[in-house]
Amino acid sequence: MHSSMTQQEPEQYSFDFFGETAEIVAESRDELKLKIGQFAGPLDLLLYLIRQEQANIFDIPIARITDEYLIYIRLMKNMDIVVAADFLVMAAQLIEIKTKMLLPREPLTPGEDEVEDPRQELVDRLLEYERYKSAAEMLYERSTVEQAVFTRGPIESDDNNAEVSATVFDLITVFQKILSRQKEEIAMEIEREEISLADMIKTLRKRLLEQTELKLLEFFEEMHSHRELVTAFIAVLEIVRTEGVNVIQKNTFGDIILRKTSA
Amino acid sequence: METQTEEQIEERQVRSTGELMAMVEALVFVADEPITVRTLAEILEEDREAVQAAVEALRSEYDDRESGLQLREIAGGWQLATRTELHETVRKFLRTKPSAKLSLAALETLAVIAYKQPVTIPEILDIRGVQSASAIKTLLEKRLIVTKGHKETVGRPMQYGTSKEFLVHFGLKDLSELPSIEDFEDLVQ
Amino acid sequence: METQTEEQIEERQVRSTGELMAMVEALVFVADEPITVRTLAEILEEDREAVQAAVEALRSEYDDRESGLQLREIAGGWQLATRTELHETVRKFLRTKPSAKLSLAALETLAVIAYKQPVTIPEILDIRGVQSASAIKTLLEKRLIVTKGHKETVGRPMQYGTSKEFLVHFGLKDLSELPSIEDFEDLVQ
């Protein structure tokens, strides 16, 4: 069956798929796009092509299937569909198998095991893949059945708050968001003018005039960065040392309060 | 009513009281608030009288078989609820139910502690950009984090790390099972 | 009933199967996810066997009276849910459409993970022949899969497995309920 292509040179492993015109005809570009887009991967596409050819999976007409596969990929490119690298990897493998098939086989010496068919590995992969494809269909059917079953509506005892029940994946995604937020803030920080100690003392003095009693923790919580926090802390020390301000703690673990002395 | 086609009438008449009761039961069950006979009648395309009869029959059925649930009329509608006598058992369950839920602030704080441990409160502030005091308290209460001694630096701040409960809660054998950022690099943009 | 003033043990012995069934029914109803026989036994301070028997009896009762609800075993626990046949009526009331389906790529990836777990991304690539990163991300977000620690091999890739949500979503008691992957052999040509 390989007689028609004995004259060919071994294929180069280059991916110049743009040279020929497309042979697959579709009603419209959109329809074609739809048809092509629906393949879950190169193995899915191969299975489709083999079925189209009504070929035996254990005896794949590799030259014909390879040609059709390449045409498909070229079409995908023409349709501006991003061709995943995996499709190109498979193209290279197909060409390699096709090339091996063209090489004359060494005659078998008696007792020697049969030389492995270059297609064998691909066939094994296709068979395995097809099993998982069937398993995926089974899951699809199960989920459809399951969608016909409903659980009870919320009742009083349910927590109807915005809390989340977390998984490890939530931990990592949340952490990543924090890190990128931090990066943005650092960038903003550079632009923002640093608050000087003098300004900080001025702010603190103004606050004490307004409130007479100021919870230290609340004041510190207003700070945007570690640096600001340090400046705020020094400002507090400074104002306590130089001005009529007392530091009060009403009980052992209570809030620390700044209060202007009435004197 | 006279304008209805024969088929419609026939289709409706096919439903037995039992079938109607089953439908009412399912609807009352999925509703998120007491459901009125009127609404039930509209959905089921049945007379209100027929629906009312089915509801009453269903209520008697729940009562007669001494079910743990009761169908009760409340705020003009019908609702399924646990039977009053069982409140102790129910309350006991709700109390012991492990609360796996965390607020976003607590989750963020936990993420920072998990990935940066041992870590101090000022360091967490640096990373999150907001105070985490109440989140830390929650996490300590839920025993998801523990103190890890003082950091030998100015002020000797307390350090925090994740607990054994943390591993159990997130189904991890040990901390090395915690995925790294690199693990999800290709997944999370 | 006269013995109720005595010790707790005696109080327990007083419970009839009917009473136990009522308690189980109330707890299954209140729980917001499938509740295990073990949890039920702990709350009720009863033998697991007794609780198991009560659960089975309750299930039969729901079936026998052709209730609109069913007591079903799912993800290792028990849950009350509407009967499949009533889905049209329920959906009409809830005004819901069948929820967004998983993409073909996500379903394939999920199938590989379900049968090969714990499995790494390169191993999934081997079988599917195509990158599965975005499918993995979707499945993680939908909580159908979870990370299962690193594989002790070059590069320590992350391993994935199915979650409890997976069992619930596909209506499975446990993973052993999945047909064996070899059974799909017949479908291949």
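As written, the chains take the letters A, B and C, and residue 1 is the first residue of each chain.
Criterion: a contact is a pair of C-beta atoms (placed from the backbone, for glycine too) under 8 Å apart; a residue touches a chain by one contact, two chains touch by 3 or more.
Small disclaimer: the values here were computed from a predicted structure and weren't measured.
Peer 1: Could you pull out the chain whose C-alpha mean position is farthest off from that of subunit B?
Peer 2: Following the centroid criterion, the farthest chain would be A.
Peer 1: Comparing the two chain pairs, does A-C have more C-beta contacts than A-B, or is it the other way round?
Peer 2: A-C
Peer 1: Taking the mean of the CA coordinates per chain, how far is subunit B from subunit C in Å?
Peer 2: Using C-alpha averages as centres, the distance is 16 Å.
Peer 1: Just give me the whole-number Å value for how far the CA centre of subunit A lies from that of subunit C.
Peer 2: Going by mean C-alpha positions, subunit A sits 27 Å from subunit C.
Peer 1: For subunit C, write out the residues touching at least two other chains, lowest number first.
Peer 2: Residues 29-30, 80, 82-83, 90, 94, 140, 146-147 of subunit C touch two or more partner chains.
Peer 1: Give the residues of subunit A touching no fewer than two other chains, as numbers and ranges.
Peer 2: Residues 150-152, 155, 157, 167-169 of subunit A touch two or more partner chains.
Peer 1: Provide the residue numbers of subunit C that touch subunit B in the complex, in ascending order.
Peer 2: 18, 21-27, 29-31, 42-44, 61, 65-69, 80, 82-83, 86, 89-90, 92-94, 121, 133-134, 136-137, 140, 146-150, 157-158
Peer 1: Residue numbers of subunit C touching subunit A in their complex, please.
Peer 2: Interface residues on the subunit C side: 29-30, 32, 72, 79-84, 87, 90, 94, 98-99, 101-102, 104-105, 107-108, 110-112, 114-115, 125, 127-131, 140-141, 143, 146-147, 163, 169-172, 179, 181-182, 184-185, 187-189.
Peer 1: Please name which positions on subunit A make contact with subunit B in the complex.
Peer 2: For this pair, the touching residues of subunit A are 150-155, 157, 159, 161-176, 178-179, 181-182, 185, 217, 221, 224-226, 229.
Peer 1: Touching subunit C in the complex: which residues of subunit A?
Peer 2: For this pair, the touching residues of subunit A are 38, 40-43, 56-57, 84-87, 90, 125, 127-140, 142-152, 155, 157-158, 167-169.
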